[in-house]
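Look at the two complexes coming up: subunit A is in both, with subunit B in one and subunit C in the other.
== the complex of A and B ==
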């Protein structure tokens, strides 16, 4: 665990220096960091616990809408609305999980698509609150300690803090009892019960934590965009991108989702500037490559080889 | 001998089929109860009903004077049940040590404590040198021992062994028999479903014979193996 926390510390230090070195590449870096945080949050449920969600855009959207509506209609500062969004996301996760976790197999995944769809329809139709299809605009933001939250640098640091907190959470959980419960339920629910684990309670906890963390990143995303539209926030494409980022990077690994974010967002951006719409092609090709050759994802495959090498070495000595 | 586990009038039905019909059993601490019977007799079904993995139609189960009928399987584990699965079910993506850690975390919250328990259990079953091997790579005999390690790491008061001897070669079988006996020395109660008569005769204090979901005989190993109905159930009549 210390090894991973030191690694995270080093990356954090590099991240803090980043805006000074690349002041013109902040938007893409924010995108990478938000996706790293979202995919890592997704992975708590999807990778560590094996419950694949295709509705995580719901929680991104909740976070963004809470921040935007809180600010524009009630004058609430983003840190309060982010905390509220996290609580609301956890409650939503609890009820959705309570309804659907008895469904085994692909049914849970399919049902999660509906969550985002319901929220999208609510956002479009309840325009007294959400501005309807037009969306909400964040015109003013508070300035804590004189920091302008509209500046890309401030937003970069928020995204950096978000990604770091989420990854640190996973590092701690991976070593703790909860991390073992998550993986046991993923591997075999009956065998987990034989170890005294309540599978449904475990899945609910994972879903609630995953949803809450994702919504905090969603709040930051709202600030970054400053203009929130329902068909962007609750889009199936966003849900799929979050899931794919984690899957391609390596499900159920500490660094996989973050690596996936770097590869997918980075490559996607590079190719988008050169080939316009070709970023969808990159997704397609990457998915194909991962499914065919590295089904455990990039980091998952590296970790597996490492464990085997380690074991082979111990067996020899 | 004080009763650890009592099951009265257990009946399990699958649709119109009665898989287990009105079977009772009781088990004291340090005692081994063997459950035998021809294929399809309902042994595993009874076993699953008692451990909470299959729903019962009627019956009552008490454990340490507490009524646990209807309690979900994971709660029975928390009270002191440990079980193995007939087809071994390791957490395949985890290493041997991590598999046992999952179970060890039931009684302790601290990682270092859980690891101490897990390592001592692995030592006990003879898998200590395999601790960091992926569970997926173990051979049959070692998978069996991993199942045992997982069942023991929850610190059970009664342990349910579902055909852990099946398919073992003679030396491995001898080892397993000695190992199961060593468990009772620690006061553990054992309920075992087994096909291997050698193991049943050598280990059991008490044997229940099932055929077609009914209890057809009960007694010491020698009583039941000389019982005519048992011989009939196994070999048929002419």
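== the complex of A and C ==
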């Protein structure tokens, strides 16, 4: 665990220096960091706990809407609205899980799509709440300590802090009792129950934590975009993107989802001119490659090879 | 028009729309029933069918129904190839693998269409697009009626295939018990390929019959159809072809009635809510007999 935390500290230091070195590549770095944070949050539920959700865009949308509406209608500062969004996302996650956790495997995934789609329809149709299909603008933001939150540098540091907090949470959980409970439930719910673990309670906790963390990233995303539409925020494709980022990077590994974000956002940027808006093609091809040839994902496969090499070395000596 | 007339009109529209939903749902349920694979790309194969009609119309000036002659065999072959090279490799992996693989196929199809045809909605203009005729005061759209007839023919053909032929017997046997089927000498891998081919063929056919009615867009419509197909099959009971027909008609009627008597902007949501309720409280479907644990 200390090894991972030191690694995170080094990456954080590199991240803090990043805007000074590459001041012109901040937007893509923000994308990478947000996706890293979302995919890592998703992985708490989808990887460590084995419940593949295809509805996490709902929480992104929730965070973004809390920040946007809080600011434009009530003049609430984003840090308050983000905290409210996280609490509300956890409550939503609780009821959502309570409703759907009796379903297992692919059926759970299907039900998350249905719930997320219903939430999307609510966001589009309830104009009084969300401004409807036209969306919401964030016109002004407070300036804490004289920092302009509209500047890309400030947004980069927010995204960096978000990704770092999420990864740190996963590092701590991976070695905590809760982390072992998550994995036990993933491997076999019935055996976990026999060992005294309540599978539903474990899954609910994972879902609530995952939802709360995702919605904080959603709030930052709202500030970055400054203009929020339900079609974008609650889109099924965003949910799919988040899930695939984590799976391609490596489910149930600490660094997998972040590596996935780097690879996928990077590849999307590289092929931007070739594929234009068809950049999800990369996700499609890579997920096929992962499912067929590297079922553990990029980091999972590297870790497996590393462990095999260690054993081989030990056998020789 | 009196209230009862409007009601009958709505029911008629719902039933006809439901026929197309049933056609989409049957392909999905057939694949699930035999292969136990949840096919996320099903809706994208429907969209592929729509674009094949657009393509044949643009190149050869064919009517959508004429293009079925080519689109259906091509769809079948596509399905067989996809099954052979992708799905057959993950059939014994954990169920999520197949789901993720079909999700990948779905993204590839949608975005490949987007690259080829561009993002703007496409359709095929036919002379009978807006023609209607009335039976006992109820107006029936020609396009929907043709789609309904095509659905009935297809279902009858499928029924005959499944129940009257040797290959149908092998398919039913594989669905019932894969190992048992292997033991009596059925090549279940071949059956899987055939079934996935049939599933794609049905999806393509549904797409072609829908093109005079709906606009095709590359990426969004696929997901919409996939969701509809799930709703239809779960309403009826996953893996049950006959029930998918009832599920399709039920979804069509629920959507139209819900939209005209309650809040029309939530048209799409009614099916999804029904889907969730069934999944939670009656996972074997409204018409399923066997109680399976999901």
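Keep in mind that, in the parts below, the second predicted complex is superposed on the first by the 306 of 317 C-alpha atoms of A that agree within 3 Å, B and C clash if a C-alpha of one lies under 4 Å from a C-alpha of the other, contacts with A are read in each partner's own complex, and residues count from 1 in each chain.
Everything below uses one rule, namely that a residue touches a chain if its C-beta (ideal position, glycine included) is under 8 Å from a C-beta of that chain, and two chains touch if they have at least 3 such contacts.
The model shown is predicted, which means the values in this text are computed figures rather than measured ones.
**Student:** Who does A:5 touch here: subunit B (first), subunit C (second), both, or neither?
**Tutor:** Touch partners of A:5: none, neither subunit B nor subunit C.
**Student:** State whether A:308 touches subunit B only (first), subunit C only (second), both chains, or neither.
**Tutor:** first
**Student:** Identify the partner contact of A:176: answer first if only subunit B is touched, second if only subunit C is, both if each is, neither if none is.
**Tutor:** Only subunit B is touched by A:176; subunit C is not.
**Student:** Where does A:284 make contact in the superposed view: on subunit B (first), on subunit C (second), on both, or on neither?
**Tutor:** second
**Student:** Looking at A:187 after the superposition, I want to know if it touches subunit B, subunit C, both of them or none. Which is it: first, second, both, neither?
**Tutor:** After superposition on chain A, A:187 lies in contact with subunit B alone.
**Student:** I'd like to know which partner A:197 touches here: subunit B for first, subunit C for second, both or neither.
**Tutor:** After superposing on A, A:197 lies in contact with subunit B but is clear of subunit C.
**Student:** Output check: A:129 vs subunit B and subunit C. Expected answer is one of first, second, both, neither. What do you get?
**Tutor:** It touches nothing on subunit B or subunit C.
**Student:** Of subunit B and subunit C, which one touches more residues of subunit A?
**Tutor:** The larger set of subunit A residues in touch belongs to C.
**Student:** For a test of understanding, state which residues of subunit B touch subunit A in their complex under the given definition.
**Tutor:** 51, 53, 72-74, 77-78, 82-83, 85, 89-95, 98, 101-103, 105-106, 109, 111, 114, 132-134, 150-151, 153-154
**Student:** Spell out the residues on subunit A that touch subunit B in their complex, using ranges where they run on.
**Tutor:** Touch residues, subunit A against subunit B: 175-177, 180-181, 183-184, 186-188, 190-199, 252, 307-308, 310-311, 314-315.
**Student:** Using the touch definition from the top, list the residues of subunit A that touch subunit C in their complex.
**Tutor:** Going by the criterion above, the answer is residues 52, 99-100, 102-107, 109-111, 113-115, 117-118, 121, 124-125, 236-237, 240, 244, 247, 275-281, 283-288, 290-292, 295.
**Student:** If we count contacts the way the header does, which residues on subunit C are in touch with subunit A in the complex?
**Tutor:** 38, 86, 89-90, 93-97, 99-101, 103-108, 110-112, 114-115, 119, 219, 223, 227, 230, 234, 263, 265-266, 268-269, 272-273, 275-276, 279-280, 283, 294
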